[in-house]
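Order as written gives the chain letters A, B, C, D, E, F and G; numbering starts at 1 within each chain.
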């Protein structure tokens, strides 16, 4: 019964979808803000990667919100799973091979994450991806060593300081008499590491923050007792 | 040239997907996933060559690293670790 | 200190590989990041330190790579033949490989090499025996197993970690 | 066009899972499938034929041969938000399992749905 | 087309061939361990070859492709080892003939456990 | 129809198969595996649609993190669907 | 530094990132932070209020002109609602200062602050996708807070809310996508100018998607299944935030989009129809409830139905009446939740039956509950009277007697169940001596709200004179486009 209703509902939704998207042109150029961004990004922001420029500069407010969403998810997960940590139980340890390799790979993965967020304005990637990679690298250690612990104190500090950096960078723009999150640094030459004004600063802050947050999420979930 | 190679890769993917759908044990399917990710890494590098953009290689690099960790997690789950 | 420097140098080399650029800003950023990362991971990253860079070892690494490559290609062709042939000529089993290596890194490298050469797959490591799934078991005699599977690797590794 | 079909089928399959499945984790899986479908749809809307990625890494690239960057920027945000939602959902699932020792929706139902 | 480039293409083609054979092996082999054998190893080798070949075709990409290839060479055996170990611990026994008895069976539970 | 379109067709088919697989499958671990496979294919599709940024994000978040937290959640709860 | 609308978002975010660090110093500091933030924001909003009433303030973020950058649109409607939100937020903070004693306190305050900030963002933003982001901020904070007590029902209610909420955000994202693909822009004002580029079929689909997506937040009829559970299982202050603030933001977003893009008679008819359904069904359901907070939740849905009807009529008078009603409802529902929170706390049970006799044992709290109940029914001299009267007058002016009768029916039902609860409260019964006390901060919070309600009830002119510009701003799409694109 439930299935029948669901299928009926989906059939209606699907019908509308198909009707709308059959007329949607695929692969054609569009007028609109996208075109403006493509033509003016390098001039206005100095970033080679237009997507990064949009994410951090033109629509930087979104990114601030996005960081907040992740922050809230980490906080909320902490609140939901509060008081459920600990209790000993027997677990299968990882084999020597996995342990040794994790040790070797852990710094490399973290370095890769750092590379991704430092080069956010030049190559694909940026703060979120870099942070996710760092968190995954820490997870590698969690998986190999049950006793591996991250310091919650340090996580909190990184998280807060990175978040404050982001907000402060925004407020500096406001304090200088322009608008929130406005660039106040020289743009530099495109495709240099030190270019694009505040974009790298924001992405580094985001990278640290997301890395710390996702590590916190994974830690919270892993250390929860069943 | 590259497209023909990619089609071969696609064919290989079908074998792997078949194993992933059929594979009697969970391990079989995880092996299939592992192989899909490895093949995909190769495919991404080849596509980067096809589009002739150096920056696309980054994606393959990160992809390789992360898929490895994903598969390792699954393996550790099977082992009873985690 | 030596361990820290080693970690730093390795990370910096990897950074150079990532960026493939020698611009000053890139180098400085790489150095700073390597320092930061090395400072919290050097304790686990290595036990030996700078000793890895002694010329004797570099030669051994090259030699090892060479031996490994040859084994890899040979084994791959072997497995390819098995896969193509319609009868599927396999004779699998799990055998015990007693290694004389004690250093965990050495065991890891040996096990990885064994795993990477098709036909053999390290299933488990308990103390200093590797349990290997072998696709074509030709011998059950312990010394024969060592000879067939990983003697070349082991010799070099033993010398390396002496 | 193929992209649209793939994306729409993903959305529909995910919605089907959410609507009919009785298992909490399955529902979360369904939600993440829907998210993936929406993202794919969005990106394919921004695609331009024979264009390349909007990154000026080489001097030979010009702005009129690039895909629309806006959907990419938006999807970037949407993916991260999807991850956040999934994480919270899984936290709630763990909580619910803790209380009820089951993942079946029919056995959990205490409040009227 | 320089010599290096041609070599690169040849390596790519060889790599893809191995990759395909690996996938075929995954399709044909009778049990998990044999599948890991052929599949993972040949696929890894093929992938390494392909990526390395791309590095040769485009010499300025060489270092990054080398890093990817090395990384795959390090990581893939680990994941397949972990998978094999996981499957064994789960109780999946390999498909063997009578005389090739399983050496791991009697000692499998000895590997270390840890307290959380 | 160009060869690239064939490749896209293959990928879309694989993706739909993976989605159906993860919806029908009773073993939740395999359902999580299915979502991982969807993400794999999705990131290749993003790559083909010239969105390396998004492909990277999908690889980092869909293939690795999302799957991992699913597996952890399965570990903390129940693996099989009744 | 001059107060600028972007600070409504920036300051709470800054504070939220600071709270974990403050938590290392002292818990009191953590508790005080949101209060200081909201106090400052209310001060700023009152400063900005007359300016925004005259002429919409359009604030650009990151220095790019709309439609290229994100712009914040602080028009008269937004100013009206945001001032209300910050003040009510401050009062709710005051209430929860002593009410929330459960760990982890700093997480609670962070989530609480972001819940209100997200709603403010929805009210403030002039960009479609930005609204999605704020919607998600609100939702994720709301899910976590619903499950904050970590009991059985809380987690279940939160999961249900999450399920429906994800659908809502998915639908909204889809609508953003279709709109973007045809118009190539995301700025509300810009889209409103180009809305005819969308073919009719797609336009209809977008309308449905927006109505479904935002209707979930605004508790429109078939989509409000989450509300009663979430309201009743969340801690009382959070229930007050839901009823007083979040719903308003969702409704504002929905109405803003509908009025800007799809203002046709059919759509307005549909809105009226949905409003009536929502009102009647919710009031019927509220009648049958035995738990006090569920009753309040259903009543809140019913009130939203009333507001939707008034907005659907779409005349100047009805729209301002609707805004007035939103204002009143935010205050009164918060007061009711506050009082109900302590009543439940004192009696130790969520059932209405168990409230018997509390009116003598806990006279002050019960008195505030009674004030709230009478105000929401719409009795003079409370503020609820005027807004309800205005709605009825505007409906009568529009000449639809049937709607008038239906609204009256709804009000009568509402009066019945509220009076039932109040009567229960003042039924004499021997109560065991109760040592629990309502803390001063809670009483002060309730007192402030009750005083405002009474004051506005006696002098409705204070609010009424601001209603006309606010309603005008909401109704007049052309002005919005002109101001939004400067």
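Methods note: contacts are C-beta pairs under 8 Å (C-beta built on N, C-alpha and C of every residue); 3 or more make two chains touch, one makes a residue touch a chain.
The structure presented is a predicted model; accordingly, all values stated were derived computationally and were not measured.
Chains making contact with chain C as well as with chain F: A.
With centres computed as the average of Cα coordinates, no chain lies farther from chain F than G. Averaging Cα atoms per chain gives one point for each, and the point farthest from that of chain C is the centre of G.
More inter-chain C-beta contacts link the pair D-F than the other of A-E and D-F. Rounded to whole angstrom units, the spacing between the C-alpha centres of chain B and chain C is 22.
Taking each chain's centre as the average of its CA atoms, chain D and chain E sit 31 Å apart. Taking each chain's centre as the average of its CA atoms, chain E and chain F sit 21 Å apart. Rounded to whole angstrom, the centroid-to-centroid distance between chain C and chain D, based on C-alpha atoms, equals 39 Å. Among the residues of chain G, those in touch with two or more other chains are 129, 133, 136, 140, 143-144, 147, 150, 155, 158, 180-181, 186.
Of all residues in chain F, those touching 2 or more other chains are 11, 50-53, 55-57, 60-61, 64-65, 68-69, 72-77, listed in ascending order. In chain E, the positions touching at least two other chains are 22, 24, 36, 44, 60, 64, 67, 74-76, 78, 80-82, 85, 89, 111.
All chain pairs that count as touching, in label order, are A-B, A-C, A-D, A-E, A-F, A-G, B-D, B-E, B-F, C-E, D-F, D-G.
Chain B contributes residues 1, 5, 8-9, 11-13, 15-16, 18-19, 25-28, 30-32, 34-35, 38-39, 41-42, 45-46, 48-49, 54, 57-58, 60-61, 64-65, 68, 71-72, 74-80 to its touches with chain E in the complex.
Residue ranges on chain B touching chain A, taken from their complex, read 55-56, 58-59, 61-62, 65-66, 69, 72-73, 76, 79-82. The part of chain F that touches chain B in the complex is made up of residues 2-4, 6-7, 10-11, 14, 17-18, 21, 27, 29-30, 33, 36-37, 40, 43-44, 47-48, 50, 52, 55-56, 59-60, 63-64, 67-68, 71-72, 74-75.
Those residues of chain E that touch chain C in the complex are listed here as 18, 21-22, 24-25, 28-31, 33-34, 36-38, 41-42, 44-45, 60, 63-64, 66-67, 73-74, 76-78, 80-81, 84-85, 88, 94-97, 100-105, 107-108, 110-111. The touching residues of chain A, counted against chain F in their complex, run 49, 51-52, 116, 124-126, 128-129, 132-133, 135-136, 139, 214, 217-218, 221-222, 224, 226.
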